[in-house]
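Read through the structures below before going on.
Look for chain A in each of the two complexes below; its partner is chain B in the first and chain C in the second.
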Partner chain A sequence: MSNLSILGLYDNPDSAADALDALHESGFDSNDFDVLTGTPYPEGAFGEHVPQHRLFRFPLFGAIMGLTLSVFLTTTTQIVYPLITGGKPILSIFAMLVIMYEMTMLSAVVTTVIGILFESRLPDISMNVYDTRITEGLIGVSLVCSTDKKDVAEKALKDAGAMEIKSSGK
Partner chain B sequence: MQQRRILSEKQINAELLNGNLATPKWYFPVMGVLGTGVIIGFITILYMFNRGLGVTGLARPVYWGLFITTFVFWVGISHAGIMISAILRLTQAEWRRPVTRAAELLTVFSLLTALFFPLMHAGRPWRIAYWLLPYDFARGIWPNVRSPLFWDPIAIGTYLTGSTLFLFVALIPDLAILRDRTTGIKKGIYTVLALGWRGNPRQWQLQVVAGILLSALMLPIFVSVHSIVSWDFAVTPAVEGWHSTIFAPYFVIGAVHSGVSAVVTMMCLMRWLWKWNNYIRPEHFDALARLLIVVATAWLGFTFLELIFSLYGRDAPEIALRELQIFTWPWNLIFITFLLTGYIIPVGCWLFKRCRNNIAIMFWTTILVNVGMWLERFLIIVPGLARKQVFVYTWEGYWPSPVEWIIMTWSFAWVSFLMLLFARFFPLVPLFEAKESQVFTTEMKVGRATVPMVIRE
Partner chain C sequence: MEKVITRRILISEELNNQERFNAATSSLVSTTKEEMGGKFKIVFGIFAALSVMGILSLLIKIFQGFDDKSSWGYYSAIVSLLFGVFGTAPMVAIAPMIAKADWHRPIARIANMFTAAGLSSVIMIFPLIFALPPLVVGGYRRRSIWFDANIYTPHVFFGLAVVGLFLIGLGMLWVSSIPDLAAMRDHSTGRRQRFAKILSRGFVGTERQWISLRARIGMMSTFYFMFLIFVHILYSINFNLELVAGWKDAIYPMYHAMTGIQSGIATVMIAVYLIRKYYKLEDVIRIDQIWGLAKLMFAATIFWFYFFICAFMIFWYGKSEINVMTIKILVNGPYMWVFIGAFLLSFIVPWWIIIWNPVRKNPPMLVLVATITLIGCILDRIRLFVISWQVYGEDTIHLRYIPAEDIPDNMIMPTLLDGTLFVGFISLGIFMFLLMSRLLPIVSIWETHQSILLTKHIKFHRTEVYAVGKPD
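Here is the complex of A and B:
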């Protein structure tokens, strides 16, 4: 059985929250539907499931990776290609710390950005139905369901006060 | 926010995308002028590469001049972005919203421009590889990790990469708005850049967390970058006026002073050029001017501390240098101008609310600050080298040549050109921040007064 993407459009947050309740009552799981807005609303404003993320692990991983790489770079380059200046020791810890610090931070930032994209599920190449009016203030309630549940889903969205319902086959 | 206006999402889109969806009348003439400046600058740079550094005013013992002064100046300006964006995000300051994007952008373009100057200063930039990359294994030479000249590109590279990524992440929701408002090839490009953003709760949650997390990561980088730039000077014991232990915090606070001032200058221009009066309001200038009074006073404190520390040791060469900087012509004129423009005139104006709320006064006073801050860098770098040293027999004073002046002026045209180019295709004020402000702010009746409220999670 093929899947279908359905989108209900609402002009206020209360109706969108009602639509989510109606979908729950019609037997749909929280993972089946999503709320689409053009602006961030407070968490749980639509009674939606508050998503969990593991973003904080990414900078930690990146920092460890950057630190390791920088220790390797600064130490090995000085030992393999020694350049003695003023009879001072080859391994200059203070100078190495500057580079280690910068590389640690750089790696943490890069992995954080990778983490943000990964946890946000971007890039999103799903072809689920969408409406450009969402970025103009309308609130979309989007769900993916099998074709046999189309009528149930559309009824739930409509009863909650949807201005318009759009659907597309997948 | 007492001057808050209630705006619909549609109106916010229409007003803040007015420069992206249509070309303002002034745009092409202004870009034409700036573009001419950029071309003249590049031709001059190529001329200098062809003829060598002999066409500049640099000569022993003054081997660091206008280029390095301008390099430090642009690195300083770049500190605006993270100062404004990160600190205000972390403290959840409501008035940050219209400012963050422009500040981050200024960081990216000024850093990019700053990078040009050490390259040009090297005379033969293609040999920069000798300095940064492993080369010629036969001679067993590797970049010297103990040199501040190696720390510099690492720090600036980190800051530039981080700032660019920070800028891009915060731009994604606005790219989706542009994707939804355009057609044809433009729509295709914005669709790719928006990465399929749909605006579900997960994406918004991550966007908010990302702003805070990246701010927290960028702040230590921001402090380190100008500290490292200051160590280019501070770890040189041979030059009086450079070898100072307080240079790192002194440079950082000076950078914040010039950077935040540059953001205010830019906000004035944004308000005038795109008529964003609903978003960039006098209350924002008022808040920034209050912040600038604190920053400028801290910076002035460091300026005097640096002077006091150098004189306290009663070291004859240090005293001779300070005498040159403060009492000898033409340095004394530069010194007085720098104090007047960097602190006395602007802070004197900002003490009055009428001035803080006057956009034209804020524009001109912040321009003055940056004139003063440029002069400060010139005063730090050049007199220490220009002073006649014992046992130095090849000696002459320094005055920048026309080539150096043209290249310095080019840098201003170049940054402005890049900013306007960006503004043509991407919004300078974050739309989603402006919309979020509408959702999270409201009014409450207390007795007969209506009080503005900001909701925080």
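Here is the complex of A and C:
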């Protein structure tokens, strides 16, 4: 059985929230549908499932990686070319700090950018149905379901006051 | 006329959110494509031509060689200025965002766009890195924060830091523009649409995407801030403080960063004023934003004096030969008149004007203050950097301090080449800014939408107030 992408468009947030309730009541799982908005509504404004994020793992991993690399770089170069300066020990932490900071930061930034793409699932390859009026302020309730549930889903969306319902086969 | 009416719709309380969003989107997307008449093209062309002049001047400067260190003083002062006016301008968007202030939203994009202007400092820094003496001079290691590192370590890692800052800035601009690029993808045509489609990466505004995006904007902004201060610290130490034997000042790197922020705020003030006026965005960029900027500018002006006096008091009351030398180098030596000019124009005059409440709500007066501040900043950079490269010598760098008789009596005057470099690279920054203003909406659409969504005029007892929702 093939899957179908359905999009209900709403012109006010209350109707969109009602649509989510209706989908729940019709037996759809909260992971099956999503709210699409052109504006960052406060999390949970539509009573939707708020996904758990792992946003801080990427920069943390990057920072640890960068710090490790920088410690390795500065330590090995100082051991390979031992120069005693001002009677200080060969492995002088202050001489390493600048490089450690810089490499830690740069590595964290790179992984943050990668994290944006990964966490946001960009580029979007799902090919779910979309409407450009969402960036004008309409609210989209998007769901993916099997073709046999199409009528149930469309009825739930329509009863909640959808202005328009669009669908595409997958 | 139609455009004016469309923009009036933005503040209308009678329309529903969708109509107001729609009006905001079409109005702000249009800033990337609206015809500014021949004027914009002429301005664009002038800055492009001046940028080319700057690049040519740079090539001439490189061919003149790196041996005469004193000739690089004005050059290093220009680079320092660029780190301030363009590099720190995004802080105007970052600091209020971290503090969860709401007023900055309409001007955040303008401030962020200056990250692209950072290209001018990236280009200028590399020849200067070649001019920077190695850590070992005349067979002896000079005093530096790099201790026993390889003799070209500061050259490599500072170059990397400047490029890194530029890329972080561009990353921050891109991340904060993704929803707007999605709106452009949906509502523009031709090349702009293709450009927006590539950069929006299929953003459709799911809950997950918004959560991720907002958190990343915060992270990138924090990284930019941390890296910016790092670059200011390295630059002020490596290209300034370390070149003067005996000059030891723990406050100076922060003074350099803080005065850079002061010039960045002044730059944004001028840019906001011009954009508000010429794009007719008075209903989007309101007096609240100007007022908020004015308060930041006021605070930065006071900070100038605070950081200066903290360092100066140590030298003044210390009275050792090293302290006397430092005061002569920085204050009452050959650059005394430049210092007096900087003191007046960076602190006294702007402080005295901006202290008055009505001035802080008067855009033309604030532009005047910002211009005065920028002139003060130019003078400040000259008095700090030119003398450092002037007194540097292979024989003097290893001394405990520079004896009074070795401090020059006269200041070095700028050459024509210094002038063309200054004009050329400031123009390159402005050119990059103008270019970005053609590619991205000059005011963030999604943040404007968010303001519409979360701001409401409500009755409060017997008056009316603006209620701002802050969900996160």
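Note that in this section the second predicted complex is superposed on the first by the 153 of 170 C-alpha atoms of A that agree within 3 Å, B and C clash if a C-alpha of one lies under 4 Å from a C-alpha of the other, contacts with A are read in each partner's own complex, and residues count from 1 in each chain.
We adopt the following convention: a residue touches a chain if its C-beta (ideal position, glycine included) is under 8 Å from a C-beta of that chain, and two chains touch if they have at least 3 such contacts.
Nothing here was measured: the structure is a model prediction, and the numbers come from that model.
Q: Taking chain A as the common reference, can chain B and chain C both be placed on it without clashing, or not? Answer clash or fit.
A: Chain B/chain C on chain A - steric clash.
Q: Looking at A:E164, would you say it contacts chain B, chain C, both, or neither? Reply first, second, both or neither.
A: The answer is neither, since A:E164 touches no partner chain.
Q: For A:N12 in the superposed arrangement: first (chain B), second (chain C), both or neither?
A: Touch partner of A:N12: chain C, not chain B.
Q: Once chain A of both complexes is superposed, is A:D32 in touch with chain B (first), chain C (second), both, or neither?
A: Neither partner.
Q: Considering only the touch criterion stated at the top, classify A:E154 as touching first (chain B), second (chain C), both, or neither.
A: neither
Q: Who does A:I84 touch here: chain B (first), chain C (second), both, or neither?
A: Only chain C is touched by A:I84; chain B is not.
Q: For chain A, which residues lie in the overlap of the chain B contacts and the chain C contacts?
A: Overlap of chain B and chain C footprints on chain A: residues 34-43, 48, 50-51, 53, 55, 59, 77-78, 81, 83, 85, 92, 95, 98-99, 101-102, 105-106, 108-109, 112-113, 116-117, 119-125, 128, 130, 132, 134-137, 142.
Q: Quick one: which bits of chain A touch chain B in the complex? Just the residue numbers, please.
A: Residues in contact with chain B: 34-43, 46, 48, 50-51, 53, 55-56, 59, 74, 77-78, 80-81, 83, 85, 92, 95-96, 98-99, 101-103, 105-106, 108-110, 112-113, 116-117, 119-126, 128, 130, 132, 134-137, 142.
Q: Residues of chain B touching chain A in their complex?
A: Those residues of chain B that touch chain A are 8-10, 13, 134, 140-147, 150-151, 154-155, 157-158, 161-162, 165-166, 168-169, 172, 176-177, 180-181, 195-210, 213-214, 217-218, 220-221, 224, 228, 432, 435-436, 438-440, 455, 457.
Q: In the complex of these two chains, what residues of chain A are touching chain C?
A: Contact set of chain A toward chain C: 11-12, 34-43, 48-51, 53, 55, 59, 77-78, 81, 83-86, 88, 92, 94-95, 98-99, 101-102, 105-106, 108-109, 112-113, 115-117, 119-125, 128, 130, 132, 134-138, 140, 142.
Q: Help me check something: in the complex, which residues belonging to chain C touch chain A?
A: 16-22, 25, 141, 145-150, 153, 157, 160-161, 164, 167-168, 171, 175, 179, 182-183, 186-187, 201-216, 219-220, 223, 226-227, 230, 234, 445-446, 449-450, 452-454, 469, 471-472
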